[in-house]
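What follows is a short report on a single structure.
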Amino acid sequence: MSAPRVGIVGCGLIGQKRAAALGGARLVACADVDEGRARALAARAPGCRAGADWRAVATAPDVDLVVAATPHDLLPAVALAAVEAGKHVLVEKPAARVAAELEPVAEAAARRGVRVRVGFNHRYHRAFRRLRALLDEGVAGPLLFLRARYGHGGRVGYEQEWRADARISGGGELIDQGVHLIDLSRWLLGDLPHVQGLARTFFWDMQVDDNAFLTLRTAAGQVAFLHASATEWKNTFSLELYGRDAKLQVDGLGGSYGTERLTLYKMLPEMGPPETTAWEFPMADDSWAAEMAEFLEDVRLGRPPSAGLADAIAALRVVEEVYRQSGPLRPGRR
Amino acid sequence: MSAPRVGIVGCGLIGQKRAAALGGARLVACADVDEGRARALAARAPGCRAGADWRAVATAPDVDLVVAATPHDLLPAVALAAVEAGKHVLVEKPAARVAAELEPVAEAAARRGVRVRVGFNHRYHRAFRRLRALLDEGVAGPLLFLRARYGHGGRVGYEQEWRADARISGGGELIDQGVHLIDLSRWLLGDLPHVQGLARTFFWDMQVDDNAFLTLRTAAGQVAFLHASATEWKNTFSLELYGRDAKLQVDGLGGSYGTERLTLYKMLPEMGPPETTAWEFPMADDSWAAEMAEFLEDVRLGRPPSAGLADAIAALRVVEEVYRQSGPLRPGRR
Amino acid sequence: MSAPRVGIVGCGLIGQKRAAALGGARLVACADVDEGRARALAARAPGCRAGADWRAVATAPDVDLVVAATPHDLLPAVALAAVEAGKHVLVEKPAARVAAELEPVAEAAARRGVRVRVGFNHRYHRAFRRLRALLDEGVAGPLLFLRARYGHGGRVGYEQEWRADARISGGGELIDQGVHLIDLSRWLLGDLPHVQGLARTFFWDMQVDDNAFLTLRTAAGQVAFLHASATEWKNTFSLELYGRDAKLQVDGLGGSYGTERLTLYKMLPEMGPPETTAWEFPMADDSWAAEMAEFLEDVRLGRPPSAGLADAIAALRVVEEVYRQSGPLRPGRR
Amino acid sequence: MSAPRVGIVGCGLIGQKRAAALGGARLVACADVDEGRARALAARAPGCRAGADWRAVATAPDVDLVVAATPHDLLPAVALAAVEAGKHVLVEKPAARVAAELEPVAEAAARRGVRVRVGFNHRYHRAFRRLRALLDEGVAGPLLFLRARYGHGGRVGYEQEWRADARISGGGELIDQGVHLIDLSRWLLGDLPHVQGLARTFFWDMQVDDNAFLTLRTAAGQVAFLHASATEWKNTFSLELYGRDAKLQVDGLGGSYGTERLTLYKMLPEMGPPETTAWEFPMADDSWAAEMAEFLEDVRLGRPPSAGLADAIAALRVVEEVYRQSGPLRPGRR
């Protein structure tokens, strides 16, 4: 098979990351509402064309695989158009503003027999790949619960970005960073039908939440205790997973989130301080490349992507339920 | 005034810590169901007598101040007897198994005009004293929320200890370590009338909870997001407090919980990485001595102790509400 | 006074950093053997001209202050020409390959009444500015000794760079990173007339040293125990300064050297674990700007720069003595 | 074979540690100038006798193996008497005040065919056992050099202890903690015939050194750059070993020296930040037990102990040479 031909819709930061991590695939077309941005991206790939019309890219005859990297509101439309045109699609998380927007995409993908992957790239960070390998070796025993903290310190003007506009984003911190925590929890523990959550806007002068506190449960009773924050003041990522026999902890995501590190705390029969092993990954983040490589294999083998539309739909249902439970976002004003 | 004369009821680990941290007070009597333990403690203080009869100590004419350091079930009875005999009382947290047990104590203390302090000693750890001073200087601005994790790795036979017997302890991890987190949250944010919580037993073969996940709120909407765990595998204490202008973090409690450290993350006007200052306290824990010194001042000045019966009652009401919401503790068996 | 007009000779990495940190001064001319590099730098400053002729910049009538940021062999010639033309000069460390090359520059600077600063910028890192302030407050008491480690992990092709050519560089790791350690030691402890040292080439296939181990002493007997390494495998900077009453430690220099941090270990009267305070500086390195701001003040006030030619001469004499003592650089081949 | 019967001479801190870590051997006799201390130790082992006469224990017919744990001045005499009586001997480091005191012991041991081990227990710390295993797997490639720092923060009255009396101790910090660094360097790199060193007394009012700075070399040119300090202010142990392909670092020794940790920095072909793996050993120090278990095997198999008299002699020769080079120990008074 010759190299799959990729079209990218949305040439911002994430679209650029995707273009730089295509591995065996080849970029042939890209589109952005800011056509200059599309041209700048196209200039990096010989023979790649650029334009402002996303639909032209999503349905182009010479495109095999579409990457949808737009703001949230456009993601399902791009994915649907591409799927209907018979393309495989990598749609960035959260894939839509609400789960219902993804149902037609899922229906069309099944009908057209194409693969749709959702860009929950955190699953592909080196620390999480190693964590998964350790779990598969059985090092932790049955899993009990997990705890995670994810947040950023904000940036001047944050409340003016499109992420702060609920019509475009579908929500705030919960649907942005929080959805990664929900996906990782589902990936590690399984489905989370029991949802308790609270979204709030503490700091930023915007209509969406800047903090979300979640207590989720599997049918078997395992708990995911999650906090996502846009007022973390110092960029932070930490996920702690507890099994009967060990604790596994991931800290950092590289860059301003600190060196990525996986720590294994292995209980001893006599209990007391656990035997501790840590792996650090100071190298550049290769999650985007690893995820795309796996998607190309999904396509080649005709297998369902490990983070697919069903995962995005499930994560968005948690998000929606938390927003429903939360009521007005401003503390003290209800 | 001559040195206050102290009687200690309960000569286990905590009673011994109290005896070693009496400061300007003098130990004159102690009692324990295990009379040998009482004698061993008495041997350390010249002229101190020992016995098995707690009531004799709690009501002795030559005792001014009673320390109640028994298992939970006996705490309110010891406190009540001492108060009725006109003694000041330091009763260890949680002070009772349920809030209702403390109401007669509070009533009697008001009637007899004596002081009752509850031993929420974490408020007196060096890191928290410094944190409080920084808050009082206004370094953090208005407080938004806090997040805390407290847990131990368990020890062989844990499920056989009195803490695992709900009739004695009133509950598990939530009422043991969790109640410290609730008290610290109240001390920092104020009353927490809104309670969402989940207590569960994941690991230990016992009738009480080994994990509790809490989302508490003040009337003004500030959130305390708390997790206490008896399956933490590695002893951990961490409290992160977020204000509009800064984050303050306390890690460790000394000993097996790691060196106590306070970190201030001060936001810069341009945001981005905060200016960071950390204070470490590798010295021995002096919280017990600092707490007692303040109690002696409370007594001398006739002022209400800063952690008093009302604080214990409020914390226990949170505990009870969480148990009520949680239903059966075993995951997957409901 | 209007803004001083600056000419930069050498437009590589360091010249570019200098151009970005001129503060109240104005870049009017720059030169580089690679004229394209000069033009790229000039393009950032309105009205700045570019060329390949360093002498034209160093002596230009409209230049008040020259920055010499070339490879080592050219530094003294640029400085001398500029000084003779009546310019003030900031010459990058080590300022020359050997001390003797700086004597004519010092003589000319005295004669022409101009200021020459040597770019030992580490003195201006935030952590060292704070350390100096703490020393000035007397926190450490009389100083006893210091210990420092500085090194990088190398990069592919390192042995092909100009730094590996002794005719251009005057030496290897010792004259590159080691000279910073020598300067910091002199800045903190004073002159270091007693020199014991060993330079060696362990790894890189080049004619200059990749490691240097130094034991230096002041006349009063204080010791500087220093190691500089181009085979550190992980970028590292650490300086530990011991006084009678406290230890002060600087770790990291930002970027790949890790977050810059200053730690104060203050001895307690009872000894045992010291009271520990740490300051972290995750913000961007502003040492270049702080150093230039101070130089502009030196010029304005006619005062001698705190790191001047005498400091570079003294540091180079240590370097030369270590090379003299070391003999052949290859271990096991002598 | 029945359990070897052990006699301990010197019942201070180290003698007690040895008694608690005898493994398959059995304590039958112990002696101390402070007979009460001997009795206290004997009370822990059924049937063990105690006395003040070391010679009676060292030569007792029912003793197979003698542990010599006295101050330095007595170590060679105890060892010699025991060896002449046909006993195997574990003599604590440094085994004597000067190398010459060990020559008769070595001669007698050869003549009597008994095993003498020297208690360089650091080789048996978990981190060093793991480090050795990694080296044996070839992870580091040929070794280039090492750097180590070892020191304590002192304690009130330190200058009054026997360690501060050169007639008893043979020297100060160099012969106390420094000798461990010398032994570890020899164990890792081999013999160190080239010695440069400086011993000094900076702080303590005593006749022995409180700091020693060493630059040692193997015949092949590998360097050991070592600093031992009794004015470290915070207890510290760190050894960094550099190979062509990796760096291995050991930090901490447990207890007040911090959790013991081994870190492997593995160079990547592209260089840049190395792949990093760390192992922590928060469990109790078992070096004493591991060392004794190996000695019992040495005895059983008739093989030479891995740290034997030749190692102590070589380490003491380094110590002596450093003292010779150092001249008067007081800085600034020569």
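As written, the chains take the letters A, B, C and D, and residue 1 is the first residue of each chain.
Just so it is clear, a contact is a pair of C-beta atoms (placed from the backbone, for glycine too) under 8 Å apart; a residue touches a chain by one contact, two chains touch by 3 or more.
Note that this is a predicted model, so its numbers are computed, not measured.
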*Steps needed, at minimum, to go from chain A to chain C via contacts*: 2
*asked:* Touching both chain B and chain D, which chains are there?
replied: A, C
*Longest centre-to-centre distance from chain B, chain (CA-based)*: C
*So, what's the distance in Å between the C-alpha centres of chain B and chain A?*
41
*Between chain A and chain D, what is the separation of their C-alpha centroids in Å?*
54
*For chain D, write out the residues touching at least two other chains, lowest number first.*
272-274, 276
*For the protein chains shown, what form does their contact graph take: line, ring, star, complete or other?*
ring
*Give the pairs of chains that touch; include all such pairs.*
A-B, A-D, B-C, C-D
*Using the touch rule from the top, collect the residues of chain C that touch chain D in their complex.*
144-145, 147, 149, 153-156, 196, 198, 200, 202-203, 211, 213, 215, 217, 219-223, 225, 227, 229, 231-235, 242, 244, 246-247, 256, 265, 267, 270-274, 276, 330-334
*asked:* Quick check on the complex: what are the chain D residues that touch chain A?
replied: 268, 272-283
